[in-house]
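There are structures below to look over.
You will see chain A twice below: alongside chain B first, and alongside chain C after that.
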Partner chain A sequence: MADVGTATLILALGLAAYAAIASGLGQWRRVPEMVVSGRYATYTLPLVMGVSIAALVAAFVTHDFGIRYVAGNSNLALDPWLTWVALYAGNEGSLLFIAFIFSVLAAVAVWKAPAGVRPALPHTNVVLMLILLFYVGVMLTMANPFFELAAAPPDGQGINPLLTHPGMFLHPPVQMAGLIGVGIPFAFAMGHLMAGQPGDDWVLVARTWGLVVWAVLTGGLLLGAWWAYTILGWGGYWAWDPVENGALLPWLPMTAFIHSVMVQRRRGIFRMWNVALIILAWGFAMYGMFMNRGGPIPSVHSFGQSTMGWIFLIFLAVNLFAAFALFYWRYRMLRSARPLDSPLSREAAFLLNNLLFLLVAFVTLWGVVYPLISQAFQGVMVTVGRPYYDAIAGPLFLALVALMGVGPLLPWRRASRRTLARTLRLPMGVALAMAAALFVLGVRSPIPLLAFSVCGLVAAGILREWARGTRARRSRSGESYPVAFGRLVASNRPRYGGYIVHLAIVMLAFSITGSSFYSVQRDFSLEVGERAALGRYEVEYLGASTYPGPDRLEQRAEVQVYRDGRPVYRLSPGYVFYPAFSMAAARAGIRSSVVEDVYIIASEFSDDGRAIFRIHLNPLVLWMWISGPLMLVGTVVALWPERARVQRPTAGRQLRERALASRM
Partner chain B sequence: MNLVRNVATRRRGSLALVVLAALLAWSSCASVAPQSSLERRAQALDRGLICPICPGESLDQSQVALAKQMQGVVREMLADGRTEMEIEDFFVERYGQAVLAAPRKEGFNLIVWVVPPVGALGGLTVLLLVVRAMVRGRRGQEGIMSPDAPESDAGLARYLEIVDRETGAAADVGGPPDGSGEARGGSANG
Partner chain C sequence: MSALIIVGLLAVFVVGVVLTPFLRPRRTPPGPQPDTDLLALVSQREALYQAMETLRLEHELGSVEDVDYQNRLQEYRTQAALTMREQDDLEAELARLEDAISAARVRQGLNGGPRCGECDNPVDQPAGRCTSCGAEWAGPDAITTEGADR
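Up next is the complex of A and B:
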């Protein structure tokens, strides 16, 4: 098994090198056959990497503890379902996983490349293959998943207990796919620069891949938050941990990018912005992968003992240097012909959008990097944690949400102040009404008040658009409301998909505001039969039980929850001890409702029959989990291909807009 | 008549939404009786202190015994009447500055807090200047070719007619056709 695995890796290395050389040389020397050959080599790579992954899976399934990676991440007692998690649980396996995913994405990207980017495709292929070459090369030289031990131990170590949670079946693979996926639009951008032909064709492929990768990255982040919330036991979902920041950092320029390419597609401006944003996103993505493998700052997420971070840092530096060199070389090609018409326009709003996302990235990076600066200049290690990010990044995020509400209401090119005021009247009214209502009901703190009002503003704007559009369709076609709405969405998928995603973001902001400012927690020490009260809830300790397992010991407490005096449900918070890892994983008892979560942790079971409980009441958390699938739906709608319609000339559309606008 | 009724329905609809959202937000946020201020201060301190042996977890996040002990010490000291500053200093003395979740706003560490707002202001200023330069450049380009409003409505109607014919606008089924009332920008692609 190990031989098969290593052999396929060597084969992959050869094929990737061949594909890069054939494409590059073929393009340079104008030998079309070589270019085609290079492309076919790219297509074979997912198959080769697939065999590699299959070999590792087979090794796990057959308990081949002669392979160091298998011994380190599984044992005889391993639940077969967990083989999937064990695949990427460690450094070497995750590298193989990333390389496999990337080989698939690269092959699909090259295969499905639209006609407009064909001239630049060989260059793109070179970049894609060089990236793959790096990962396969690192595996073969430093982190071979098929490395064999001198003597096979009788049993493996087992998988890290924190990974046995359902969230771990999805979060790491999705997150890793998202991070490496940024390489695809990046490669297209580099291909476009290398080919040197001015034009905006690469925007089509940039938009499609950008949206797909963005959705995957967002999914990774939300899944990670869900995992942290349900298993880490502190009742929170985001800790501004360096590795979490490493995953957030690429998401920020990526979000700016998918918006900014819309402007390039429509107006042919922001070319430099878009190239710079995708380079930054890729740089951050590689930085994220570096942080996970032995970065200088400790984190709950890192693969721990690996010392190979430096090679990723070098790769990062090489990529950034090459990318910016290309950018500088092709600077003139990227200059925009048509500048802005007015500071009050959608283009300007997108410009502000870009700036805000970059600012958030900057302050996040600053927070991550500052401890190193302090160490270097003061010789003192400091921590830059939640208080910093809450104070500094919070307002920027709020500004972004507000912009998300106002931006889509701005017309392209130029907005008249009067029209804008009229369009904003309803959303502003809703926001003010919400603020007033909340104030009267007892929400006095200014920041949550502002945040909720902004959420109201954005939601009002979106829902009004939907209501208007549906009503207009109905008046024309007489369809029922649901059908009219469905057809409305189908008729303009990018726009309505975008609205759906924005609505999901509002839910996310709503959830974060509620849970950040109004979460309460209290510790109680209870005897069996005793009750504790928090808010309108009471928790009664019913008793504890112990469940021994082959490699673990589970202790659970049964509690009865009362709301307003009436019993409502039971929860079973507890702990699972893993002696082999000397680690305990919390199992919180969680009950979610749209209003709040009741979150109970049983932290200590003492010999005299008492147990210590920490009870959290976390408002609005469920909305965060609802927003995830909704964002996915929105992205799918936005990407759903439309029937080929008559291509209307853009100029005609612009003339019409301008004529209508100038009526005001 | 229809228009008035529509407006009224719309207003009622939005009002209902406002009330619903506000109730949801309020019911989740105001449902808990205020805790003792001592406990609240203790929890704030828990969030502001980092467990020394855990990788970057604050006291309220960490599950290890040391963190629980430290939480106990915090509560004891608060009950004794110590201030937040004194308690923080106590831990800094023992574990170093890294035990604070964020650096104090003094001395060298002031730059952590100052650089982001300064950067933000700088960025916004640059953006404003760039936008202004772009717009001025645009105005310079225009010269004779003024794209602004044609004089009469009749002229405009004829103009629109030509545009409609050329662009096959009869096939236009997308976006809010309400666009005649507002300059909403293009119907497709947001």
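Up next is the complex of A and C:
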């Protein structure tokens, strides 16, 4: 299997190099056969990379411990279903996975490129293949997943216990697919610049890919938060860890990009913004790779043994230099077709949107790099923690959520103050009513009060748009309300799909506000039969059991939870100890409801029969997990293709068709 | 050994795929590449249609006042008409250019002469086989040729 794997990687390297050269040279020398050949090489790469991945999977399944990667990430006791996780658990395997995913995305992107970007497609293919060339080259020279040991051990080391959580089946592959997927819209942008093709056609295909990649990145972030919440045992879901920030960073300009391209498409402005945003998104995605593979700041998420960060840093620098050089070269082509009509317009809202997202990105980046700067200049690594991000990024995110409520209500070009006031009346009213009600109910802290009110404003604005649109359509067509609403969405999919996503973001903001400001936790030391109280709940310790396994020792406590004095359910918090890794992984006992989560960790079992529990009450966390699927639904609606407009033949087209017919 | 066979077969397959554009006979002359200016105009027209639909929706939702709506709609219609006229003019010009190129090729004998019925490459052989694709060719009288009436 090692021979097959290495040979297919070499074949992939050759194919990617050929595809880049053939596409570029063929376009330059106007040899269409070469351009087509380059494209065909791109189409064959998923097959070649697929065989490579299949070879690694086969090596795991057959326990081929002669391959270093297999020995380091599996053992004879590995459950077969964990083979999928083991595939990308380590540095080398994850690189192979990333290269495979990118080869598939690149092939689909080239195959399905619309007519409008065909003139620039050879250039786009060059960029795509150079990216793939880098990853395959790194694998062959520095991180070969098929590297063979001098002598095969009788058993492997096993998989990192933290990766055996169900969340690990999805979070890493989704996150990695999202990060590398940013390369697709980036390649279309660079292809457009290299070709010097006039027009804004590239933004259509870039928007489609941008939305797909954004959805995948969002899914990766939410899945990672869920994994952290359920397995790391600290009761939270986001720690502003450097690698977490590395995953958030490309998401920020990507979110700005998918909004800003609408302005370019509609009005022919923001061209420079969009190119800059996609370059930044790609740069940040590569930065995330750098942080994850031997970056200078340790993280629970990193491939800790990797020292390859420097090569990713160089790749990042080369990409940014080349991209901004192209930007400068085509500066004139990127000038806006017209100025902004009015500061009170949807375009102006998108401009503010871009600025805020960039601001958050740079605040986050500063928090990530400051420890390095402090070490370089002061000799001591000053860590940047949650208070910094809460103080600075928090208000910026709140401003973004508020803009999300106001922006879609603004028309294109310009809004009059009167119509704007009329449009905002209901959402503002709801926000104020919500603030008053929450104040009466005991929410006195200004920040959560403001945050909840903003969520109310946004949700009310969205529902108002839906109601008015449905009523307007119904008055024209006489349809029933459900049919009118369905057809309203179907006839404006990008707009209404966007509203669904915005509603999901409101849920996310609602959840983050509740859990950030109103979580409570307390530690208790309990004997068997003893109870502890927290809020409306009481927790009774019933006893503990030990479950030895071939590679682990698991201890679980059994607790009975009471609410308002009545027994409601049992939970089984505990932890698993993995001797081979000298590592313990928590197994939190969690019961979720729409109001709050009861989250219990059993952190210590002493010989005298006592156990130490940490009990959290985390309000509104469930809404975060619900928002994920809703965002996916909204993205699918926004992306669903609309019916092609029927083109009536123009006079010129008729003349041309007659001329063609006369030659036959 | 089996690994080498697998990889060898894969390599032969992908190399075959990659070389296909150089090996296959050209059946028909390549069609004209989409003109980039024309594509830009089509794209511009689509964007204007979308803008008009969005404006209508915004007017229905009460975000745009009546006077503003009428003014902007008229503006979009004017821009769309200008774009369509530009598109028409460009398409007519492209058609005229293609006619002129075709006529020049006929005068220079590049299009003239018999053509193979299978691959449409020019042939000047007596009845026999086409030298490009090997198809049977029944002679100059059997095929209608371009430029044959010059």
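The rule is short, and it goes like this: the second predicted complex is superposed on the first by the 630 of 664 C-alpha atoms of A that agree within 3 Å, B and C clash if a C-alpha of one lies under 4 Å from a C-alpha of the other, contacts with A are read in each partner's own complex, and residues count from 1 in each chain.
Just so it is clear, a residue touches a chain if its C-beta (ideal position, glycine included) is under 8 Å from a C-beta of that chain, and two chains touch if they have at least 3 such contacts.
All values derive from a computational prediction rather than experimental measurement.
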Chain B versus chain C as contact partner of A:198, first or second or both or neither: second
Which of chain B and chain C A:4 touches, first, second, both or neither: second
Contacts of A:534 with chain B and chain C, given as first, second, both or neither: first
Partner chain(s) touched by A:15 [first = chain B, second = chain C, both, neither]: second
Partner chain in contact with A:422 - chain B first, chain C second, else both or neither: both
Partner chain(s) touched by A:568 [first = chain B, second = chain C, both, neither]: neither
First, second, both or neither for A:118, with chain B first and chain C second: second
First (chain B), second (chain C), both or neither touched by A:382: first
Touched partner set for A:318, first chain B, second chain C, both or neither: neither
Touch count on chain A, higher of chain B and chain C: B
Chain C-contacting residues of chain A that also contact chain B: 265-266, 410-413, 415-416, 419, 422-423, 465, 468-469, 472, 492, 495, 645, 652-653, 655-656, 659-660, 663
Chain A to chain C touching residues, read off their complex: 1, 3-4, 7-8, 11, 15, 18, 32-34, 36-37, 40-41, 43-44, 47-48, 51, 115-116, 118-119, 197-201, 204, 265-266, 268, 409-416, 418-419, 422-423, 465, 468-469, 472-473, 492, 495, 645, 650-653, 655-656, 659-660, 663
Residue ranges of chain A in contact with chain B within the complex: 232-234, 236, 239, 241-242, 262, 265-266, 297-300, 302, 338-343, 346, 348, 351-352, 355, 358-359, 362-363, 366-367, 370-371, 374, 377-378, 380-388, 391-392, 396, 408, 410-413, 415-416, 419, 422-423, 426, 429-430, 433-434, 437-438, 441-443, 448, 452, 455-456, 459-460, 463-465, 467-469, 471-472, 476, 491-492, 494-495, 498, 510, 514, 517-518, 520-522, 534-536, 584, 586, 594-596, 603, 617, 619-620, 645-646, 648-649, 652-664
Chain B residues touching chain A - in the complex, by the definition given at the top: 6, 10, 13-15, 17-19, 21-33, 35, 39, 43, 47-48, 50, 54-58, 60-63, 68, 96-103, 108-109, 112-113, 115-117, 119-120, 123-124, 127-128, 130-132, 134-135, 137-138, 147-150, 156, 159-160, 163-164, 166-169, 171, 173-180, 182-190
Residues of chain C defined as touching chain A within the complex: 3-4, 6-7, 10-11, 13-14, 17-22, 30, 33-34, 36-37, 39-40, 42-44, 46-47, 49-51, 53-55, 57-58, 60-65, 68, 72, 84, 87-95, 98-99, 102, 146
